[in-house]
Every structure is written in structure tokens, then in C-alpha cells.
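Labels run A, B, C and D following the written order; every chain starts at residue 1.
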């Protein structure tokens, strides 16, 4: 079992870099989803699963602010050295639409690695099943987490939800890694017809006894539902949050969510105390 | 001789188009000067020498305003049909620097043709020598004028000034057209060491008697000096002006210069009553 | 997608007694006298054209340079150059009348008498839908205080013009004030039939090379996309205190911003600076608005006005 | 090109009795308590750090969403969330003191008593260079009137804080007023040692999909490059009426804008919103300023201040 993280505890973080990074490749996954592969060995070598970057999207100061994006995978050369990293992006507005227009060779200004990471089991912790639950582009941080968990010898299973089969993300990543995958789609075009929480609950009922750890990232209603499942099953859950961000550095206080604080609550920063939180610390409203 | 144009007279203009035009080619002439070749048959077919366009420079509404650029040449296919036109641009600030970064295939929004044109001699006017005097990027509108004058059987001579030999513009154009060229550079690296007005004056002294018409475009001090020369030689002069412009359409009243008006003067729009003015109408201050 | 065809959506709005065929107008000083855009825009389709500010006599205007570009905006200090009300009536108005578009005469003066003079001269002119009072002008009779900054002066000039003309009177408020709602109420007390919100924000820039103001007249009015959030806020403030029709103005560059103005409570909008860099925008907005309303299941654009959900 | 090496240019400026090693500070609320930028910026090189606005007690702040992007700007309604003056003194100030950078404590309150309370608590704190009074706050004891909109309240809160603290007092003016010069004079009358010009412009935006304000608290403060021309104008206005030192704030995104502020008469500047999207800008500006001065043949940056050529 994970030791319960202190609310607001900041892990001893690697230094933050502000780099001009060359875009190596842009791969379109669907009309709305794509993967950006960036240079940036420093960020790649020092980041941990769950961390994010703030990136410009192109366009001469318009939009003004950088966009937060989870680190999706670390890119390595033949010798296994980290040489860059990828982002998995869904177009939801102007900035992400501009990112989609970038060309290999374009330069993005990238700040990172930022925020807290998923807390990995302490070395020597008894083996547990690690269940990654993701909806939509919430999939982005999980391949890196799966890789880390597998490297430490843990068993990993991914629960992936999407609106429709074409929008299912990261299937290739999990195939590469040899991670078992459970799928649901809202329209039944692939896997179970329904919500990702339903396949999760179903799995939890059927599985053998034994320790398990949950991780979730996706739309708020989905994360709320996973929290309820985790509480019913009395399993620890780490959730990765999103919020509008101006700085990503903890300075502007724009990205807050409510966390338990003593008998009450306080606003804590998703970019600094998060984006990964212990679900029991979150005030789910 | 040209009939003296009425002050503020607007020639019966061709309709103005607002077009999204594909950039065919960008040719760098020096580190600071380049030629843009654009699609745009409508504008190419209907424009007259001296007219200009207002063009976006790329960059998602930043800068906000379009930039005025003289039409440099009309591009024609094998059959002589106008298929596009070129602009001759010098980098002086942010917008022109952004234009310099454009790539073939990029799209610019272009409004035109705009403004008054150089007034061509009435058909049947006795032959005169047409002397085109240009400094720096003020060269831009003259190849089109030279072409028009030659087509009507007039004799044309170009007086070209620049800071240094590398920045001399349009020499190729005049070679193609078979126009005689007189050159001056501020640093003496080519042609006469000195100002373009000096070679003009020298030429006017040496030439045989007979009608001549002057045209000038360039920095204000140069145009003022050409005006003085024209007045001394009692020759008609048409000048093409520049001014900061927001609309290019005559609506914003930002681009005014002082023109004689009765006994006094009034502000007239460079984009509408100009950019080409009879130098005798201009209040030179 | 769309259940409603755009032609079945009614875009007409009433600004007091003035019915406009749609809520997309063009703002004073940014569309000349209309003719300048005739090649590009079917003038007869616009909700209305507010012409460049008119004064009693020809006005020469400020020295150039008169504009400076700023980030997502521009400064202007045209100095209200215009042909004067006589030339307007003789030369500029007749071609517009033929287009059948609602023409609004923006007027200004340096004293209440001058305002009244223009208004009287325009009274009864055929084809004028309304007067719009530009009160962002210094009153030379009262130490140069800006009419639009002082509630008392605002009320006075409004009621004087109201008395001098039978045309509906729109008063255009300046944003350079502590409480725009006070000025709105003053204009209402003076008899305004509608409020145009906002005129430009005061600003300046400097040319570092010469260490001179970029504008010959040092200061200018800031307009363009940069000022939109301020304009929207001011429309909201004015809507809180009055039920007069409001014309939302400031930084419109897209349908989204038109919709924001209407939702906050503007009854119509005026497109300004965008006419310079995107001259066909106003016409496109009319189509886009009809389509959006259709897609949203509205049969009448007025169903949208003032529907802001606040908690 | 450069006749002067940049190291021979003096960048130091005096803000009253406070000597700053250079005129590039970072603005309150945009740089946290400094530590947030320690990986990216050598804090010890900055002209000064103005920390996030401090209140007597911990402040929870407004509901999210707290920011909205606008064209070349952003709206914020953080609601002045902060750790409170005690935690600041215990946890946030000590690491900054070690950096040897001038720390300015931005303070606010909901009543004059609260302002005085914070000021007293900070009095004598080691490593504080000055207090900066954020007066863009509603006075709950006086019907919610904003301190910064009323000259009388501005003077009162200034003189009360001045009496309560031995630290130099900078008063930060709100731009949402009819005549900023009146507020500047009121702050001067209250004993201000310097004026920070400007805080954010009031604005709002609407999410058309939900028809709700984008910000949970409806309104917010507009900042960023969009507001620069307004800020520069206001510095010019304030400089006309007072010889107090001025800190120019608003829309700085480049050296050119720093120079414009100094030329118009600001003695130093504060970089705000740009810290969010270009976190190393402040440090780069120091180098660029030194280089520019060298190239321009200046040995001292103060030779530039207030050198606007007006005609």
C-alpha cells in the first residue's frame, strides 16, 4: 500500500527548464487527436509519470498563455537514453487547434517538468495490481506510468473509455508494453457498451482477492465515479486533475481545486500540489 | 504634356476585391528585401501602375492591421493573361519581417487594387521622355509603370538610388524591359557617389530639349528634392506617397497629407486621393 | 445539425422606435460614409451604418501621424476630421438612402450650441434613422471638461439635443470614467432613447527612437480586439441600471463576441476597428448569426438578448 | 556597434529612499513569493520582487474558474487568496532575504483597520524594502466603495498606513477612474513615497455555450500586452501632476515597452502577466536594458527617465 501522501506535500522536484524545443514529428490519430514528438532531453530524462509541461502553441503571442499538457511518453535512442518526449493532444479549442497545425521543425517553448507525479509504490512493497482508469484524452499520462510500474515488476491493467471506437487512445502503447487492456465505449462500437467505471467495477468484482491500487484521469464526472468505486472497494486512488492554468509554476493561483484541510477545506493549486492528488484528499462536489 | 489632374479627383476605379491569395514564390533579393509572387488574377488584370494592395502578413491577428504594398509587376502566363502579381518588400519592422518568413503555399488576405494610379499620357500626346526617379523600396511601383509607358511607345529612363550597391532594386526588371538606367549610391559602391537627385539634375542639364515628365517615389526628403528639381526645370512631376494606413479604403482618415485647397490646404487621404499626387498639389513642408 | 433554416430566423431588433433588420451595425469612424465599402459589402444588408462623426462645419482634423498599432488594437487621434453636416446631406447621405439601409448620424461639437446646431440641421433629413451623440469631446466653453466624463454635462447636452431634433437619440458613452452607470443614468435623464457603449479607451505609445509620442497629438483612443473585455463589462454595468436599448461596441472580431454582447444585454452591436483589417466581417456576421440562432433552435434573435446566467 | 560595454552602464534607480539595483521588478500576484521562479530566474538579480497581496489572515480566495484568456490579455479574479502575513513572515520571506533581492510587500484589506494591521505586523521585518498598497479593494465598512476609486478614501488609507509603518510606502493606483491624476494627488497627500501605476482594468467575458460569465465571480481584472497603451497613458497623466517616483506597470512584454515607460517618466517598472507565459523575461530585460543603454551612449539609465519630447 502507498503511504498516504501529506496534503500539499511537494515532492523533492527536479529543476524546471524553460526550453525552445524542436518538433520532431506530429502524428494524427484521428481528426481531433494527435501526438507531438519533441526534442528536450533534459525534460525527458528528469520527468516522472503524471508530470506535465506548459507549451506555447505557435502564433506570435496570440493566444497569450501556454497550454498545460501531460507528458505522454519518453522518447529514447538505441542506447536507451532519453532524447525527447511526446504529448498526446485532443483539439478542444483555439490553442490545441493551432498545435495541430504545427510542422516538424517548428519550435515550441516548453516549461517543465511541472507538478507532482504519481506516487510509485515504495521499493519492496508487496506486489499489488495497478489499475489505470482513463477517459478520453485523460489517457495521456498513463503509458509513462505503466512503463514505470512494469519496470519495477508490478502488474498493470488499463481501463480505457472513449465516446466511440475511433477515439480510443494509447492502445498501441499498451500493446507494446504488454499491458492488459479493458475497453468501453459510450456507443458500443468497441469493448463494453457503457462507461469505463462499469468495466472497472465488473473487474473488481471478478478478480481474486489481493492488494490493488487505482489511478484515474479523465473528465470530472468520470473521476468522481471512480472515486466512488474506490471508496466502496476501499482501494487507494490517485487522480490527475485538470484546471485552467496561466503559469503552471504555482504563482498565479488560477488553477485551484478544493482539498480537505483540517476539518474544512482550502484551495490548492493543481499545478503545484497536483496535478496528481490522493482522491481521499479531494473535496468531490 | 499631362493634363493637370484635378486635386482629389478619383479616377473611375475598378472594383476592389478582398481575396485570400496563395503565395507562389518568395525571392530574397538581399537580407532585407524580397519579392512575393501572389495568385490573384482579378487584381492583376484590373490594376494600374501606382496602385497598391493591403495585405495581411500572417500571424493570427497579430499584428492587427494589414500592410500597404505597391503592386510591383503583373505576372502573366504564356498567353499573356494576367495570373497574379508581385510585391517588392523591404523589412522595416515587425509586419514586413513576418512577411519575409512566409512560405510558398501560405495564404495572405489581400485587398485591392487600391488608390490612384500614375496618370498615363493621353493617347496621341506628343512623345515625351518619361523619367522615373526612385529611392530604396520606392522602386516598387515603377516596373509596372515603365511597362505601361513602353507599351504606349514612350521612351523611359530610370534613376535609381540606394544606400549601397547591394540594395539597388529592379535592375533586372529594367534590363528585361530595355529601359535605360542611371544609378547612384550613397556610398559610391556603384554608379554615381551621391544622391539620385544629383544624377537626375545632371541628366536634365545634358539632355536635348523636348518634353519630359517626371515620376518619383522614395523617402520624403528625396521626393522633396525631386519636387525642387522639377519646379526649377518646369517639368510636371507625379509623386507616390506613403503614410501609415489602417484601412486603405478611405474610411479611417489615418493616412492624410496636406494638399493645396483653394488658398489654403486640407488633409487628403493617401489611400484614396493618392498614393499618386501631382507634386504641385502637395504642400511640401 | 440545424433544425431551423437560417432564413426562418428573425434577426430584426428594435432600438426604441427604430426597427433594424438585424443587430449588426458598423461603428462611427470605421466605415466612412458607407460608400467606401460599397465594393465589398452589400450595404443594404447591414443592420445600420453609423457614419463618421459630423460637426457643424468642415473639420480639418489632427496632424498626422494619426494612428499607431498596439498589441491587438490601435490608437487613433483622427481629431474628428469630417466634411461637415452640409456636405454630408448633399453628397454623402443620398447614395446611402438609395441602399435602404438604416443610417445613423454620429454628431459632435465643442459646445452645447454646436451639438444643437448639427442636430437641428439634420432634423427632418430623409433616410436618417437616428442621431448618435459622441460625447467624448472637450467642452471648450467649460474649461475643456469632457462632456462624457461629467454626468451633469452629459445630461445637459443630451436634453439640449433631444429638444432640438425629432430623431431618436442614441448617446455614446465614454469608458474613461469611474462609474459608467452614472453616465448612463445621466443620459437617460437627458432623454436618450438608446445608449452606445463604448467609445475608445484613452491610451498612448511612444516611439523609442525619437522619444516622441507615436501620435502627433500624444494621446489617442484605443480600439480593437484588445478592449473587448472592458467593453463587455461596461455593457453589463449599464444594463444593470437601465432598460434603455444598448448598442454594444468594442473589439468585435467574431460571432462569438457578438453573442457575448447580446447575452449580456446589448440589443444590437456595432463593428468598429475590424472593418479596417477584415472589411467583409460585418456582412459575414449577419449570416453567421442567423445560422447560429437556427442551430441553437431560436426563431428570433431577441430570445438571446439579456439571457446571461449569473449566480 | 556598442561603444559602451554593458557592465559600465549603471542601472540603479532610487525610488525615494529605496535604492534598487535596476529598474526591472516583478509585479504583485504574478511572481508568487519568488520561490516559484527560483529554478528559472536568478532572483538576486532582479530590481525587486513585489509579492502576492498579503492580508491580516489567510484568505481563501474566489471560486474557480479564476482566469479567462482574452485577446493579448487575461482576466483574473483570484480574489486575493494568500497565506496571510504571519505565514509570509515565517515561511516566505526568509528564503527571499537570503537572495539579497529587494522585497516589496503588497498589502490589502477590507477596512482601514485591516490595512493598518498588516502594515504594523510587517513593520521592522528584515529584508523588506517597501510596502505597496493595493487599494483596488472594496471597503466593506463604507458600502463597498472601492478605496482606489475615491480620492478621500485613498488619502485616508494611505495616511493611516503611513502612520502605522516606518517602511517606504508605494500606493498602487487603479486605472478604473475618470481622472487618475486626482487619485495620484490624493495618495501623495496621504504621504505616499511612490506610486505604482497601474493595477488591472475591469473586464468580463462570457462563455456562450453556457451563457455564464467565464469567471465564477463574473468580473475580473484585465492584464497583459493588450492594456499597455492605457497604462502608459496613465503613467504620463500621473507624471504631469507629481514628482513622486513612479513604478510603471501594465502589459510589459519587451524591452521596447520598458523604455517607453521610462521615457514617459516611470522610474522603474514591474513585469506582470508576461511572467506567466515567458517566465525568464524579467531577467532578460535587465541584460537587454544594459545593452540598449550602452548602445545609446548612456552611462546611467536614469538619463533616460522622463525624456519624452512633446510638442
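Some notes on this structure:
Methods note: a contact is a pair of C-beta atoms (placed from the backbone, for glycine too) under 8 Å apart; a residue touches a chain by one contact, two chains touch by 3 or more.
Note that this is a predicted model, so its numbers are computed, not measured.
Annotation of chain B and chain C: not jointly contacted by any chain, touch as defined at the top.
Each chain gets a centre from the mean of its Cα atoms; the one farthest from the centre of chain C is A. If you average the Cα atoms of chain A and of chain B, the two centres end up 58 Å apart.
Chain C and chain D have Cα centroids lying 34 Å from one another. Between the Cα centres of chain A and chain C there is a gap of 48 Å.
Along chain C, residues 71-73, 225, 253 each make contact with two or more other chains.
Touching two or more other chains at once are residues 61-62 of chain B. Shown here, the protein chains touch around one cycle, each chain meeting exactly two partners. Every pair of chains meeting the contact definition is listed here: A-B, A-D, B-C, C-D. Contact residues of chain D toward chain A in the complex are 29-32, 36-37, 39-40, 52, 58, 60-61, 64-69, 71-74, 76, 78, 81, 224-225, 253, 273, 275-280. Across the complex, chain C is touched by residues 15-18, 56, 61-66, 109, 111, 243-244, 246-247, 249-257, 266-267, 272 of chain B.
Partner chain A is touched in their complex by these residues of chain B: 59-62, 98. Within the complex formed with chain C, the residues of chain D that make contact are 70-73, 75, 149, 176-179, 201-206, 208, 210-213, 218-219, 222, 225-230, 232-233, 236, 251, 253, 256, 259-260, 263-264, 307-311.
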